[in-house]
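Two complexes, one shared chain (chain A), two partners (chain B, chain C).
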Partner chain A sequence: MDRRLQGLEEAFDGLDIEPSRDGGKRLLVDRGSVLSLLSALVDRGFDHLHMVSCVDWPEQKELELVYILSAYNLGGSFEEEHRDVVMVGCRVPRNRPVAVSAIRLFECAEPYEREIHELFGVRFEGHPRLTPLFLDRHYETPPFRKDFDTRQYVEDFFGRVPPVGDGDGERT
Partner chain B sequence: MDRNQLIKWLKEPAKMGHKYSLHAVYFCTGCGIIEVPPSITARWDAERFGVTPAASPRQANLFLITGYVSLKTLKAIIRTYEQMPEPKYTVGFGSCPINGGMYWDSYNTIKHLDRYIPVDGWIAGCMPRPEAIFVAVTHLWTLIDKDMADGYRRYRRNYAAYRANQEMVLGELGWPPLFGGEGE
Partner chain C sequence: MRELELYFGPQHLGMVGNFSITLKVEGDRVLEAAANPGYLHRGFEKLMEQRSWIKNFPMVCRMNVIEPDSMEMIYAMGVESLAGLQVPERAQFVRSIYLELARVGSHLFGLWAYANMLGFDTVAQWAMYHRDLVLDLFEELTGGRVYHIYIWPGGVRRDFPEGFEKRLVETLHSIGGCVPDYNGTFFENRLFRDRARNIGTVTREEALGMGGTGQVLRATGVPYDVRKIEPYAAYDRVPWEVPTREDGDACSRILVVRDEMIESVHMIFKLLDEMPGGDVYNRIPNPFKWRIPAGETYVRCESSRGELGLYLVSDGGERPYRAHFRTPSFPHGLTVLEDALRGESISDVGNIMISLYVVAPEIDR
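Now for the complex of A and B:
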């Protein structure tokens, strides 16, 4: 793992490498250089993107995009200590959530980015189709953000549907 | 055949036919569908009760809603329900169609199924065992006998209200109303 990440910290200015809880490494990077970091990691053997996820940090007014990468080629070993998994984190401001799409490097990022666009409202530059993936309707606040009040929403949206007569009303 | 039921058979043969050959739509919502394969296959064998899955809603008269109903699924449920020939019976399976269950505060899951389509019976639980389906079926027999499983008639009677509720959450439905107006 350390061998693979050697020299990365010098090559990227704002890069912060710290150990993660599961024994892997966590790479925090600026929004501007996330794509170049990802391609540098691909060159170093991290050729498999597990997933792209998003974390909402309402106090810091930021959304954190998380890319989980692993090295597919373990050198013939499947032991725990040889499993190289890195987590790349990059923060984007909440009020202007724009990031660069990673599709050029990993084609499988496409549905993840669509999902994040739909549920967190992050716009991905260079994504071919940011159309709705799961949801059928438009939400004022993207529903996975922390400031989306689900109970209030349920009360407002589903609470206004009246029971239909003929005795169905007693089961409300 | 049960000799005590001979009178019923002679008086209302169609109703007895409906009762003992419930064809359930192959339609799965949510997690409850996991209970249906063991119910219709050798372990519990729903055919003992005359319940058998039907490939198309146009050949079915029993609609099991087997779990939480998201807004997209609700649209499909309404379409399927409206395609079924009458008489048709709906049974809500699990706690989610009853009042939202564990999805009571979810932003995309409807809470009370009976506000959108009429429901004849509920099976409570999360998950109900396959036996509960058969308890529900035998209850449904009683209800059909007493003419109390009248969901499809309630749907005709209150169609305007049901349609208004459906459009309230789904927006424009994209197909014309099934019935002309209220009180048909």
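Now for the complex of A and C:
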């Protein structure tokens, strides 16, 4: 195992480290300790947050937040093990999706958390502006969740626009 | 003095692309800036969940209008990683040459936008003309000028046509022959230097803290480039350099763009010399019935704007379960831009935004 990850399993209860398919590492942690795990990873050199992503798992009634990290490794050589990308997963319940904001550790998490709040409905505690990033309408179901039917939405929303020439004859 | 709110874009001469910034200004100083993306939000990542693995290729390239090729590449890399596909050696070289050509085309477009914004219309027209010559090559190779859909899982769609390499070299020589003209008229011109120096400075610490990559980081002296760190395609088969600058201002970023263009052209020549023979694609399963084993992957490559990543999840089905792109313009156009604009003059807003090389559709997706 990458020596930068040694000792993490002992330090975090319930932390699960497994190799991911592409040669990196996959860490799964409770939502309560995600921030302290990220902080421990920063101390171990994983100082580059690539992105925060979210996956909807409706059958498990959970949303999974995925933090993807690697090292900028300034001035160091990029040996095989320093290339590793680490994914940190953290599951939150779908009906009460609350997580802690990672902005304190990574400034660039701000727009990603805004995006996830808007598209998946996850609320990030400690985030200074959870305002909409892309959309200008309010959606009852956050639009990137699996139960949001895009086709039905298009039909409901745009299907109501009457076709040209189908009115009361005024357009002829 | 009174504080005012000023809307910059989406309809503004200094704004390239569908994007706007809300500025809080006092006099002509920017106190605060809030980026407003979303004008091009098409929900591609959600739409991808409804289309088969192969049908998503025409979709992903539309996320970045100016350089669609690295979007094809990253999606192909994601699918290959999940499906465990190998790519023949010749295809790796073809991919690298194709992506470097795309980088040159994209940088020329970026130079057009930047020169145009500063009022260097002649240089802008040169750059646009030279980009068109690159597009001619793409048209010959792929049939499309803007969207090419050339890379696919397991390789590329077709080999170079007969005589293509010769025409590629000729075109690059004719563009490269104009570098002294570009230098004399633009890059060494005092008007450019005075307008761009010490403008929109992002220090190394700031860039690292805000997830900066690409020119934003390389303009602060950090040689961070995914092509070197985690070589993909054929980038580790030939020697090449990562151009950097030290000052972190708009001038440094634009000079890094120029140096990268020149480096890319040299790299293409070296790759052509080393190119092996053989097939350019491996057979893939019937794309209409293609199921990819369940799993997740994160792949990354270096687009012309910085680090491009893709988080791709499969549930074992015929479609992606989830796709999420880490586009370089996302941190650059939101976090870095808002920070870099603080304290600057209104007349430099367009200058800073374009020097950060932000492409709006890439943010919105």
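Following the convention adopted for this analysis, the second predicted complex is superposed on the first by the 157 of 172 C-alpha atoms of A that agree within 3 Å, B and C clash if a C-alpha of one lies under 4 Å from a C-alpha of the other, contacts with A are read in each partner's own complex, and residues count from 1 in each chain.
By definition in this document, contacts are C-beta pairs under 8 Å (C-beta built on N, C-alpha and C of every residue); 3 or more make two chains touch, one makes a residue touch a chain.
Keep in mind it's a predicted model, so treat the numbers as computed, not measured.
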{"item": "Touched partner set for A:98, first chain B, second chain C, both or neither", "value": "neither"}
{"item": "Chain B versus chain C as contact partner of A:135, first or second or both or neither", "value": "both"}
{"item": "First (chain B), second (chain C), both or neither touched by A:143", "value": "both"}
{"item": "Partner chain(s) touched by A:11 [first = chain B, second = chain C, both, neither]", "value": "neither"}
{"item": "First (chain B), second (chain C), both or neither touched by A:154", "value": "first"}
{"item": "Which partner, chain B or chain C, touches more chain A residues", "value": "C"}
{"item": "Contacts of A:66 with chain B and chain C, given as first, second, both or neither", "value": "second"}
{"item": "On chain A, positions contacted by chain B and by chain C", "value": "134-136, 143, 148, 150-151"}
{"item": "Residues of chain C defined as touching chain A within the complex", "value": "37-38, 41, 43, 45-47, 50, 81-82, 208-211, 222, 224, 228-230, 295-300, 307, 309, 311, 313, 321-322, 324, 326, 330-331, 334-335, 364"}
{"item": "Partner chain B, residues of chain A touching it in the complex", "value": "134-137, 139, 143, 148, 150-151, 153-154, 157-158, 160-166, 168, 171-172"}
{"item": "Residue ranges of chain B in contact with chain A within the complex", "value": "71-72, 75, 98, 104-108, 110-112, 114-116, 118, 154, 157-158, 161-162, 165, 168-171"}
{"item": "In the complex with chain C, residue positions of chain A that touch it", "value": "20-22, 24, 26, 47-51, 53-56, 66, 68, 72-74, 78, 83, 85, 87, 106-108, 110-112, 132-136, 143-144, 148, 150-151"}
